[in-house]
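Note that the chains are named A, B and C in the order they appear, and that numbering of residues resets to 1 at the start of each chain.
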Amino acid sequence: MRITKMNKDLKNHVEKALMQNVRIDGRKNDEFRKIKIETGVVATAEGSAKLTCGDTKIIAGVKLGIGTPYPDTPDAGVLMTGAELYPMSNPDFESGPPSSYAIEIARVIDRGIRESKTIDTKNLCIEAGQKVWMVNVDIGPVNSDGNLIDLGALAVMAALKNAKFPELKDGVPDYKHLSKKSLPVSRTPVEITVHKIGKSLVVDLTHEEEKLSDARLTIAVLEDDTLCAMQKGGETPLTMEDIDSMIELAIKKSKELRKLL
Amino acid sequence: MTYKKRLDGRKFDETREIEAKTGVIKKADGSAYFRIGKTAAYAAVYGPREHFPRSQQDPKKGVLRCNYNMMPFSGAGDRVRPGPNRRAKEISMVTKLALNPVVDLSDFPNAVVDVFIELPQTDAGSRCAGISAASMALADAGIKMKDMVSAVAAGIVDNTVVVDLDYPEEAYEDGDVADIPVAMIPSTEEITLLQMDGKISREDLKKALELVKEPLKRIAEIQRTAIKEKYQ
Amino acid sequence: MGKLLVKDKDVVVPGEVLAEGMDYLPSYGTYRKDDKIYAERVGLISVDGKVLKSIALSGRYLPKKNDTVIGKVFDILISGWRIDINSAYSSVLPLQEASFDYIQKGADLSKIFALGEWVVGKITRVTSQNLVDLSVKGPGLRKLHGGRIIKVSPTKVPRIIGKQGSMVSMIKDTTGCRITVGQNGVIWLEGEPKAEILAVQTIKKIEQEAHKKGLTDEIKVYLEKNSKDLKTEYSAPKKDDKKVDTKKAKDSKPKAKVLDVKENKQD
């Protein structure tokens, strides 16, 4: 159905239920849907993961190739995160170039990995100034039912941890043969997006719930509770109190999700 | 003729292992997953729904619109750069032509039925897997269709007629190869997709199109069983 | 001479042969080619004497005259509103079909139905190009306030309503929710938060298992089992929901009058 202005009556009704910690699918405000992760599922990727959370289904794949480094970092490999919102996965997604939301998802997930030095790109150097490993991780949603940032980030981490370098044949990757050498992943950032709907803080929103969100804050958390990326979204401003509560909730949930990796 | 035994040991008219399921994408009106060997395709159908841009509407009946895409990590070698590319555009077009003849959208003038095909991994035969998946997804969406459409590649590897070439066979270097994607309406044996890459004699082409009929009918049975499974 | 290859309530797929020979008659969802009858969509077979039908198990809503539907206002026109009815075709609610009261010329239409508001309407006309006219004048037809909207496959609506409304009444009675089911697969419900969850879960369960036998009893058991911890502080609604809603429509009439007078003064 057409995306139109959100009906205030409907929103009030939902907000009242959230104040009683009740969501339409029976979950509590701070409850994630059941998550299942399978790794090594894509034969053509060097690392991969398929993640389901409720009805959301995402595939993440890692491709490792050899290229030339950026001129300002001649001894560092290159890490790039891509995300597309396939129209296949939701009737609200349109064909065409990536929307700003798709770009935001990719960039927020990328920041969490990059800023925490989860992959030390200096470890990806083959020949300084000439040859480095290029790590491309891409997210492909099969069914989009909300929370693509958190779940995309989790799928990406699972795929990166699953990745192995291809054998080299005359200096060129032989994709038919994977070596036993894993991609060096030294940290485990987990991203949690906390939404504010009315006065309630809610996590893991479905696609329909996201339409009611007033503001959201995505927080990337490391194993030692350090924060390594943040992104505020939504048009409503947040108070310092809100932000503090959201960070506390994010840190708590990140520990639960990290257990799945 | 040196190709007496297939690289993976299959019989000449044997397809790779097939896995077929419907209802795999909850947000779609109809959906399917079709895997043949290591080539896998998801198909989702949305519609009939409002057709934009309006200039492309058909006042007599609904329009079928197909979009084929490979996920970045689905290629046999390097990463596949996302975005429109010429190969995908052509495949989208022949996919629509392969499915249109069975579909009846006369109840839905000015509307569109969107078919999206995404492949998470490929090993030759991707457009055929896409068409087979799309056909199941259309049925799953309740679209009026006079029959399914089943697709698989027939071909020649070094003078030997085979069905369902995998990547090593397509790239076979010790003899001439012809790769012939075929889509067929099982009840009438009419062909709705026919393309060819490679070299082949007229007689061998006839042999290939004869050999591929039974495998296509077997694929049709697999598709039909998968559609019904949802309701068991 | 005729051979029936399927039986009543079988699931069939496009291209499947249902009967051979000239004895049987193809109807909804089936077609004849030469001496065979084939299925033309995924459906449940209905054998009614010699007539074969394939009852759709999925598919988007195709607007039909006299259907009661639930839709959302997405555009305000000069003399009416455009309502999205979850179909390939939007509908128009003309000014004269919005209310039993006289609406002044130049009135602000968004004060009657605003963007994003939901209405229960009846389809009064469908043209050959599937242009749809809607009316909100009539018993049970109204603007919806609050509550929740969920969507189901339109093909499952008859099962969710049940024979003479028996299924949906069972859900209403057990959960205490007010429920209105649109033929277009859009359902509105309102109740206590936990009661709403049970109503939604029950409806989704019926949607999944609509093709199975013995569903009514299964749902009865399901409702009884899961309603034990629902509070019963609310009073169960009257059995005939329509009567309640008409009363509400009558109450709203005077409000509209006041609105028009105000507009008048501003002129």
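FYI, a contact is a pair of C-beta atoms (placed from the backbone, for glycine too) under 8 Å apart; a residue touches a chain by one contact, two chains touch by 3 or more.
Remember, it's a predicted structure, so these values are computed and weren't measured experimentally.
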{"item": "Pairwise touch network: line, ring, star, complete, or other", "value": "complete"}
{"item": "Which of B-C and A-C has more C-beta contact pairs", "value": "B-C"}
{"item": "Longest centre-to-centre distance from chain B, chain (CA-based)", "value": "C"}
{"item": "Whole-Å separation of chain centres (CA-atom averages), chain A against chain B", "value": "32"}
{"item": "Chain B and chain C, separation of their C-alpha mean positions in angstrom", "value": "36"}
{"item": "Set of chain A residues in contact with two or more other chains", "value": "none"}
{"item": "Junction residues of chain B - those touching two or more other chains", "value": "49"}
{"item": "Chain B - residues contacting chain A, complex", "value": "24-28, 38, 42-44, 46, 49, 67, 69, 71-79, 82-83, 114, 116-118, 120-123"}
{"item": "For the chain C and chain B complex, residues of the former touching the latter", "value": "11, 13-17, 29, 31, 38, 40-42, 56-60, 62, 88-90, 128-130, 155, 211"}
{"item": "In the complex with chain B, residue positions of chain A that touch it", "value": "42-45, 48, 55, 57, 59, 61-63, 65, 82, 84, 86-91, 95, 97, 136, 138, 140, 142-145, 175, 207"}
{"item": "Residues on chain C engaged by chain A in the complex (per definition of touch)", "value": "72-74, 84, 86, 115-118, 144-151, 190, 193-194, 196-197, 200-201"}
{"item": "Of chain B, residues touching chain C in the complex", "value": "29-30, 47-51, 59, 62, 102, 104, 107-112, 139-148, 185-187, 220, 224, 227-228, 231"}
